[in-house]
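Everything below concerns the one structure shown next.
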Amino acid sequence: MTTEVVVETLIKAAIVIGALLTGFAYLTLFERKVQARMQQRPGPNRVGPWGLLQPAADGLKLFFKSSSMPAGRDHFLYLLAPLISVCAALASFAIIPISGPGTLNLFGYHIGWYIMNANIGVLWYFAVTSFGVYGIFLAGYASNSKYSMLGALRSSAQMISYEMALGLSLVPVFILAGSTRMVDIVNAQHTWWFILPLLPAFFLYLVAGIAETNRAPFDLPEAETELVAGYHTEYSGMRFALFFMAEYINMIIVSSIAAIVFLGGWWGPFGILPGPWWFLLKVVVLLYVYVWLRATLPRMRYDRLMALGWKSLLPLSLAMMMVTAVVVVAAQGGA
Amino acid sequence: MEELKLRPVPTPTGRAAGPTPLNALGNNVLTTTLDKVINWGRASAIWPALFGLACCAIEMMGTVGPRHDLSRFGSELFRASPRQADLMIVSGRVAIKMAPVLRQIYDQMPEPKWVIAMGACASSAGMFNNYAIVQSVDKIVPVDIYLPGCPPRPEALIDAVVKLQRKIRGEPLVKRTA
Amino acid sequence: MSADALVRRIGDRFPGALQESSDFRGDLSIVITPEAVVEVARYLKEEEGFDYFLYATAVDWPARTPRFTVVWEVRSLANKTRVRIKTTATMPDPHAPSLTSVWPAANWHERETWDLLGIKFDGHPDLRRLLMPQSWEGHPLRKDYVSFGEPVIFSDQKLEGLEPDAIRG
Amino acid sequence: MAGVKETLLGPIYIARAMLTTLKHNRKPIVTIEYPERQKPVPPRERGRHILHRYADGLEKCVGCELCAIACPVGCIVVEAAENTPEHRVSPGERYAKRYEINLLRCIYCGLCEEACPYDAITMGPRYDLADDHPDKFIAVKEDLLEPLSASISDTALPTAAPSAQPVARKW
Amino acid sequence: MAETRIAQEPFGPGPQQDAVFGPEHEPETEWMELNMGPQHPSTHGVLRVRLKLDGERVRDADPDVGYLHTGFEKSFEDKTYTQGITFSDRMDYLAPPINNVGFVSAVEKLMEIDVPLRAQAIRVMMMELARIASHELWLGTAGLDLGVYSGFFYAWRDRELVLDMNEAYSGVRMMTSFTRVGGVAWDLPDGWTDQLQKFIDVMPGRIDDFESMLTANPIWKQRLSGVGVLSSRDAIEAGVTGPMLRASGVDYDVRKAFPYSGYEDYDFEVPLGNAGDCYDRYVVRVAEMRQSLRILQQALDNLPGGPWLTSNRKVALPPRSELSKSMEAVIHQFRLVSEGFKGPVGDVYAFVESPRGELGFYLVSDGANKPYRMKVRPPSFCNLQPLKRLVQGVLVADVIAIMGSMDFILGDVDR
Amino acid sequence: MVVGFAIVAAWELVTAAGVIGFRRPIYNALSLVANMLGLAVLFLMLNAQFLFAAQVIVYAGAVMVLFVFIIALLNPVSDLSLGRRGGEWVWGAVFGVIFAVLLAALLYNRGLTGKPGTFTPEAIGAVGNVQTIGIALYTRFLFPVEVTSVLLLVAAVGAVYLAMRRIR
């Protein structure tokens, strides 16, 4: 490991984090705008042209807002929790290859389109997000509020449960691609996107992914109408913004992984656009689906949600895995 | 159970600023520019507390509805948790039983925070000149904008929000057209 | 089933209990002695089919003795008839029997009546204040309760030097 | 089995719900951009009150205090004074020397309008009255009175007052 | 809280609880007490419910109302009958026209006043519009409680149409105060009937949109069906009313059972449920909206002409056109406005069907120009009463669904 | 590399001390989580990426979350006194000394540098990290793996049974 590599990685990380934070900010605006359009209204349009400065105003306001803290909190954990959440969210993006298959030639350097091309691939994401559960849980615990605690319990139980289904729904992809390395998976989709043979797995992934990020219709942890604001009820100002950030960045990551694993990452059908644009387009489409679901569906009840995870998604993922394995082995045997 | 404690509150105009990070800074050219930027941010992203009392709450919901769409001003994010809210819209009559609760919600909101007394009942007890209603909410919390009407139309609430934005930015409330 | 027949049946069944009955604008009211209210109510529910409870309240007549009229009204969903049961309560410490044992739906209505008018319902399972804070003193709907408020402010009381900008037409 | 059927049909119904929201993307935006644009208020709009004048500039109000009595809130106060030939304010014997409405208390019910026998007070079209101090809402006679130029004929019903037309606003 | 005593079961046998929650399985640990409200997003105002939780399961609940107690009944006592109309608006602020009608019908019953046919038709139209608007808003907010985000906005889009008509007719969007003793305050303005016809034409499609989003949606069904079940016997026993009563299968609608304002001349059905759960309440309300549209169409088609206020000068102001001509009319105006009219001694109970059920006014008169005592029988109050019992044994999330399905208005409960 | 190892080793020592040192159970548990994370980083430095992921997902992400759950739910007061009967200290000291002696003996005899095993970074890199572990688990260690999984299954069923009986 040379210094050059370290510096390169650090620069890439800085760029990615910057992009993610901007992406987060505009994702909130995107959500508000898209939902507004579905509800026949314009959405934010006063702050800057077409409301484009709205996220800036929100951020500015939150940054300069004083923090009120709940009495009886566990001070250290209360401060630590949002940091864990946001760090976990940011770190998961390390494995996402934005484009490929070659490298970016810049000033004579060959730079990969990713921060890390780990051969454990998606497992990195699972590892990091499973750590992110602590952020949410500790937020609920440290706030010394019943609503927070209930939200945190629900949220962490939900995340742990759905991580299983989420992981297993990706196994068919690994079987087809023969690798867990992200770059390999995308390259294996050069001719056919995996969504075509693995459509059920895609839907399983999508459902589990939405549940994993605590988004509607599985947004129970912060089910406003039941639990006020769930685990971050007692957070205000910038710390609250960090949770918000973590949630939206997680959305971006789940969409990115879906784009890479099922939708052929940077490969476009006609080769019109350069790779990164295809990738971005797919991510945006998936994010649109996220917002669309939020605009439409009622929230599920907590016990049904757990039942769905354990009794439907998990067996279906396993079945999907078996079927894929059998088919692949049969095809290899036949050939 | 709850005791009604009517606390003296400062007048709306002379309200002391809360402990915000900015108070630490002195007053020079840089900070006044910074002040402007921050006030712009605060004025453009007023998140109200999700907190409705009576009739006016219905019109408050109507203001969020598609016909009037409060979201145009960046204010549609009604936060259920007072800790994440900037603006308290006292929408309706405040019963004496409710007064301590209202005050507690106000106390839970972090600075800087603003209050709109929406409608006749919240601003002055309106028609309920009787034993059960707090005679004007400014006895409990400092009010920044009073909004008459029973209930005020959504447009009137938007007007109040616009005036509040102007107040936050430090401009005169009413721009004379003539 | 006409109102008269019902009144006659009650009178026959509970001699001495029925003090008075009236039919004003088609609303049948019967005044029952406080001791017999629960029995009459049970009879009305179980044998006359008055199954649906409407409301309970009281009226304060400070000049009269007994001072309070306690009112319950019930309806028979099948016969589409209503009857208003009235009884009286005296100061100080007015009491009336609770009808929650007959019509459980009377629970909150009687609590409200206790809260606002200070009628104690004997046999009520949970007689607490309902609408006012638990520490409230007095019963606001009594006629001698002074409802306080604030007078409307006009220009003779307003602060000097305030220009009413927004309201100018 | 009903359960199986529902499980199978469930995704279809969810898809139908999703399509309903998607369909609304094509429908027009219904928002009225308020401060710039305003929905025309109907002639009967019950907004801020207006005290009317006759065409010759005399005030219609004769200070009879019926509006103050009719008001369920008691937010109107009227003090009458005698007209004199030198100082003639209204055609009748008396005129309102003091006419005040506490607009913050007012519930805009319109009973004053109905009580007034001479159509002197009507509810106008204005509602953007928010301000930052309760005492600023005490509208005295000068605030409420129609400007001289806008006076209307004495036959006009409250619903037909020209001042009831929406006013274009700059902001 | 000093006092956490939970009252004994108010009526009937307790709910069928899961076997695992019998008294012999009382956990050693204390139940968690969760305080919902008064400021809580799903309590539709300022209801406070103290829940005793065993994990996510509710063991007991103690609803605490009164956070919006406004003293209406006291206020009625020192306002004349005409002034009282403005107060009646603000009780159930989702259906002010119906409250107006309820209030004046009590006064009319006391005074024995007949209402002209046109006034009756106008009242019916305003009431049915209010019913649709109220149910729309219920659909929006109850849906929002359960996470149907867009439904809230569609509901408001449609409700605005009703409010536009309210505004065109009465000059304000919500607090119409449009009734007068013996009729209504104004005739219909020009173009109002066209507006109404347009509304009647457009509304069925809008309701269809809602239904396509919700009725068959499995998540919606899962949330509502089998939750908060109230059998028809229990419903009567508990004194619930309106859609809640009808969802339990009890065929009782004031408009059918005791027609007022000429409801006997309209052809409409009373939708009934059978299971008595939250889903049935939803179905009943949606069906009621369609029935209301039917009534509106009939009222519009058969709109009678003639006066809209009784000519009985004892209670009604003279027409404005007479004021400039006749001195007598002016004197009459003066007398009626300054003194009001006096009612006979007696007490009456008059009731109408509000979107939440039977709204009754018990009016005691001592012969003065004001009510001596005015007791309101608010439907929300009666519907809220069984909450304690309905939520026992359900999950916290179901509490939201149950409270949503009750459609109570705190202004109505607390008065 | 050495610097990195030193940092992580120090982290491990500190968090290990935290596991037994803190007075509040939730901090003990969280120290253990931090300790496991450090361990995972050590795996990562040894090129065992899969082990890293497994360690984090299984231990930090699943097992310890349940621990923290339980502790948070019981919500013990901060000055929870574990009844000190003295006996524990004696046994702790005895085993501590034995363990220290063993460790010292190990260090004295072998040092810290062992012989490189068959799975050199190059060998792993040729097949892939996940594949290497997979092959090892499903060929050489097949029997232990199956036995362990059966054992876990039995434990899970037993836990469910016990829990059911507790509720019914």
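General observations
The chains carry the letters A, B, C, D, E and F, assigned in the order they are written, with residues numbered from 1 in each.
We adopt the following convention: a contact is a pair of C-beta atoms (placed from the backbone, for glycine too) under 8 Å apart; a residue touches a chain by one contact, two chains touch by 3 or more.
These numbers come from a predicted model, not from an experiment.
Steps from chain A to chain E, taking the shortest chain of touch contacts, total 1. Under the contact definition stated at the top, the chains bordering both chain D and chain E are A, B, C.
Each chain's centre was taken as the mean of its CA atoms, and the one lying most distant from chain B is F.
When chain centres are set by their Cα atoms, the one at the greatest distance from chain D is F.
Of the two chain pairs examined here, A-D and C-D, it is C-D that is joined by more C-beta pairs in contact. Taking each chain's centre as the mean of its C-alpha atoms, chain C lies 70 Å from chain F. Between chain B and chain D the centroid-to-centroid distance comes to 23 Å (mean Cα coordinates, whole Å). Averaging C-alpha coordinates per chain places the centre of chain E 62 Å away from that of chain F. The geometric centre of chain B is 30 Å away from that of chain E, both derived from CA atoms.
Chain contacts: chain B has residues 1, 50, 66-67, 69, 72, 80, 96-97, 124-125, 127-133, 136, 150, 153, 163, 173-174 touching two or more partner chains.
Under the contact definition stated at the top, the residues of chain E that touch 2 or more other chains are 3, 40-41, 66, 69, 71, 74-75, 86-87, 150, 153-154, 157, 160, 175, 213-214, 217, 219, 414. Multi-chain contact residues of chain A, defined as those touching 2 or more other chains: 38-42, 224-225, 228, 295-297. By the touch rule above, chain A contacts chain D in their complex via residues 37-42, 292-293, 295-297. Put simply, chain A touches chain F in their complex at residues 74, 77, 118-120, 123-124, 126-128, 130-131, 133-134, 137-138, 141, 149, 153, 156, 160, 163, 179-181.
On the side of chain B, the complex with chain A involves touching residues 18-22, 37-38, 40-42, 44-45, 50, 66, 69, 71-74, 76, 79-81, 83-84, 86, 108-112.
Within the complex formed with chain C, the residues of chain E that make contact are 3, 5, 7-8, 10-12, 65-66, 69, 71, 73-75, 109-110, 112, 236-239, 250, 252, 257-258, 346-349, 358, 360, 362, 364, 372-373, 375, 377, 381-382, 385, 414-415. Per the touch definition, chain F reaches chain A in the complex via residues 26, 30, 33, 37, 40, 49-50, 52-54, 56-57, 60-62, 65, 68-69, 72-73, 128-130.
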